[in-house]
Amino acid sequence: MKNVLGLLCLLVIVIALAIIPLFGLRALVQDLFMVLCLLVLALNWNMLAGFAGLVSVGQQLFVGVGAYVMFAAAILWGLDPLTGGLIGGLVAMVLAVPVAFFVFRLNGAYFAIGTWAVAEIARLSFSQWRALGGGTGTALPRGAARDMPGVQLIRDVLGVSPAAAVDMLTYWLALGLVVAMLVASWMFLRSRMGLGLQAVRDNPVAARSVGVDPVRLKALVFLLTAFATGICGALIFIQTGRISPDSAFSVIDWTAFVIFIVVIGGIGTLPGPIIGVLVFYGLQSLLSDYGTVYLIVLGVLGIVVMLFARRGLWGAFTQWTGFDLLPLEHTPPKSAETGDRGKT
Amino acid sequence: MSALLEISELTAHYGDFQALFGVDLVLGQGQTLAIIGANGAGKTTLMRAITGIAQVTAGTVTLDGKRIDPLTAPDILRAGISMVPEGRKLFPSLSVEENLMIGAHARKGSGFWNLARVCELFPVLAERRHQPSTSLSGGQQQMVSIGRALMSNPSVLLCDELSLGLAPVIIREIYAAFPTIRESGTAIIVVEQDIGQALQVADTVHCMMEGRITLSGRPGDLSREAIHDAYFGITHS
Amino acid sequence: MIWLDTLLQGLLLGGLYALFAAGLSLVFGIMRLVNLAHGDLIVLGAYVILGIGTAFGLNPFVAALIALPLMFLLGWVLQTVLLNRVLGDDILPPLLVTFGLSVVIQNALLEGFSADSRKLPVGPIEAESFSIGSVSIGVMPLVTFGSAILVILCLNWIFYRTALGRAFRATSDDAVTAQLMGIRPKRVFALATGIALVVATIAALYLGARANFDPSIGPARLLYAFEAVIIGGLGSLWGTLIGGLVIGVAQAFGAALNPEWQILAGHIAFVLILLVRPRGLFPRAYD
């Protein structure tokens, strides 16, 4: 019953978000687009760090690679950016294989530093790609975004300018990506593999003894999140229209913010990133007049959460109310022997 | 005989699991007390509770009339209780001498025990003092662990399972040091599964089972049968 | 003989990286704490030296002497009120807290000092150099290198020859048993972080004296420092020095091939070494 209520709630929110562009608030749509993209990244990082125990500080690698491949597809190979983005995601996933080969040899903190070093290598290497502007970067060719499939349709139906139509399309795609990520992570976490993953997180020795192979599971999560992160990266830079190595491989924008979002919202919970992104957006809008103050507040908030509420705002909320929007636990089957418990 | 260490109604938990149920114990000045019992009887928990490593949930521990149960482990050591932990627990990155020296980390002023006296007690350590502690045999490591605990000049020395994993001849060698330790004025509590050894050195013996003391008395007064029954939990009704 | 010159410049640069890394190595070795704010703390140290120097009209070397105890205190307080609370088996909380700290320090510096590049005015020594044969050596890089060796020697002396160092090693081995010896691990950790920040301040002096700095450069220094620590192996201070030298030399040779490849070459050297030796060059036998 609770489950149905929760899903209904989400459905209403998604529909509400979906119709926002129809009211023509372009600035809001652009803002929300970024929020949705950060949410996608946060959901991915939460899968990595919160469920698979892989604390990566290098997810900007996959954002950047997805974005750069999309640019290469659009500029060098003349493909449309959406197809380019899909290829970007695939390339990110393929690249994750050798990266995993390297970073999976490292434990804990070494893993974090290793992923970051690899992302730096990628940033510096892409700076050498002269055809895409080297260190200064480049812009999408005029019209490339406007020629994307769907843009013309939106223009015809809604009668808006090409730029507004591009914004709408990318917004809806981002929203779709969020929904897809939510559904996929929920299904994955409730599957045999997902339960195995959580078992590994909670007790690696016991999990291994019942036949869960932690490395394979973690590698799978690493590859899948690389794919989703790459696609999201491409989408972000379709909307932005400009790319440079520093912006595409920014550890602050694509990893630091994302980590704070997840930590503040509640690491290792599904709704956590959603709460976190709302807090992030709220802070950013509230403190937009005070320069980087919101970053300081964000950092302090992250520290406070880690000190006093390790499961973040959502974890604190569920603890207080006992209500969980997207429960991951399987309800244990009612057993006839329940009454005998405690006697043995 | 005045009470040096007095434990009353001591209760301790490991998470949700209650390991001690209201243990009472009195140790007199210069006395040696043995606690025997099977695996899981709560002996080690009792030692860890006294030294402040395990959380005390109820009851009191007083040393020289001062309550020590609210103190942290480092402060309990400073108050005068030192432990030879189960499994010896030497510091692998420290040499033999450094392991002994670290026992005196919190010591202020001088006392009977110092590096020279410990080396007199266990001469083999003097020869090996610059070796890594990991290179010693089990018995020698146990000697370092005892020496390390003595270096703080404790008024009470707790020895947790000294004989665990050691050959009988080595165990005798280690227990041969006890008279000297007692002469230095240190009161001792030994926790043992090896009943014979415990009965030889102790003035008083307590048997523990399932977190409670089930039998107490002088070694001479207790029959073998009574000890065995208490040890294995057989009750005659 | 151009490669000899490159090698030498690389080694001297590596001395600076070893200074970045030495404090990190100490803290990491003792309490397994990954301080992601270490780079920003070095940059903070540079601003503290700059501030003291400007306020009292002092040479940066003198200003650094005043900054040392201040930074020690900062480290002690930081560990006591913040980091001790998050140490434990789970590496995530300390990682995230220091990450938060990094962002806070960076942006607080940005608010306070703006994004402008600064430099510590050390005077004429900055440009001085001398030649051995065909190779020219800058005095400042040489002083930096010498300081790095001195710092490692000092840290090693503390670690292996003093009661404090004994307590460091014992706590690192087994914190619970260390408490039975009367050691208070949290105090030991606070001292260690204090010492680490003293070393960070020395690093800050040379960082600011040799090149421009601004509030944003911390994370990159942290990465070099961490690479040096990992290459050297957990808990080995001499290993950390070697790690710093490896990164420095790799960067120098990268730069010799193409100036844009300098940083890249350092990171690639790190990855290559870790591929061959995942625990670094000189890992401790037990941990």
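In order of appearance the chains are A, B and C, and numbering begins at 1 in each one.
Going forward, a contact is a pair of C-beta atoms (placed from the backbone, for glycine too) under 8 Å apart; a residue touches a chain by one contact, two chains touch by 3 or more.
Everything numeric in this text was worked out from a predicted model, so none of it was measured.
Visitor: Which chain pair shares more contacting C-beta pairs: A-C, or B-C?
Guide: Spelling it out, more C-beta pairs touch across A-C than across the other pair.
Visitor: If we define chain centres by averaging CA atoms, which chain lands farthest from chain B? Would you check?
Guide: A
Visitor: Of all the chains shown, whose C-alpha centre falls nearest the centre of every protein C-alpha atom combined?
Guide: The chain sitting closest to the overall C-alpha centre is C.
Visitor: Taking the mean of the CA coordinates per chain, how far is chain A from chain B in Å?
Guide: 55
Visitor: What's the distance between the Cα centroids of chain A and chain C, rounded to whole Å?
Guide: About 33 Å separates the centre of chain A from that of chain C.
Visitor: Measuring from the mean C-alpha position of chain B to the mean C-alpha position of chain C, what distance in angstrom results?
Guide: 44
Visitor: Provide the residue numbers of chain A that touch chain C in the complex, in ascending order.
Guide: 49, 55, 57, 102, 105-106, 108-110, 112-114, 116-118, 120-121, 124-125, 127-128, 135, 251-252, 256, 259-260, 263, 267, 291-293, 295-296, 298-300, 302-303, 306-307, 310
Visitor: Can you list the chain C residues touching chain A in their complex?
Guide: 28, 32, 34, 36, 82, 85-86, 91-93, 95-97, 99-104, 106-108, 110-111, 219, 223, 226-227, 230, 260-261, 263-264, 267-268, 270-271, 274-275, 278
Visitor: Flag every residue of chain C that touches chain B in the complex, lowest number first.
Guide: Those residues of chain C that touch chain B are 163, 166-167, 169-170, 172-174, 176-184, 284, 286.
Visitor: Within the complex, which stretch of chain B touches chain C?
Guide: Touching chain C: residues 51-53, 72-74, 77-78, 82-83, 85, 89, 91-94, 98, 101-103, 105-107, 134, 148, 152 of chain B.
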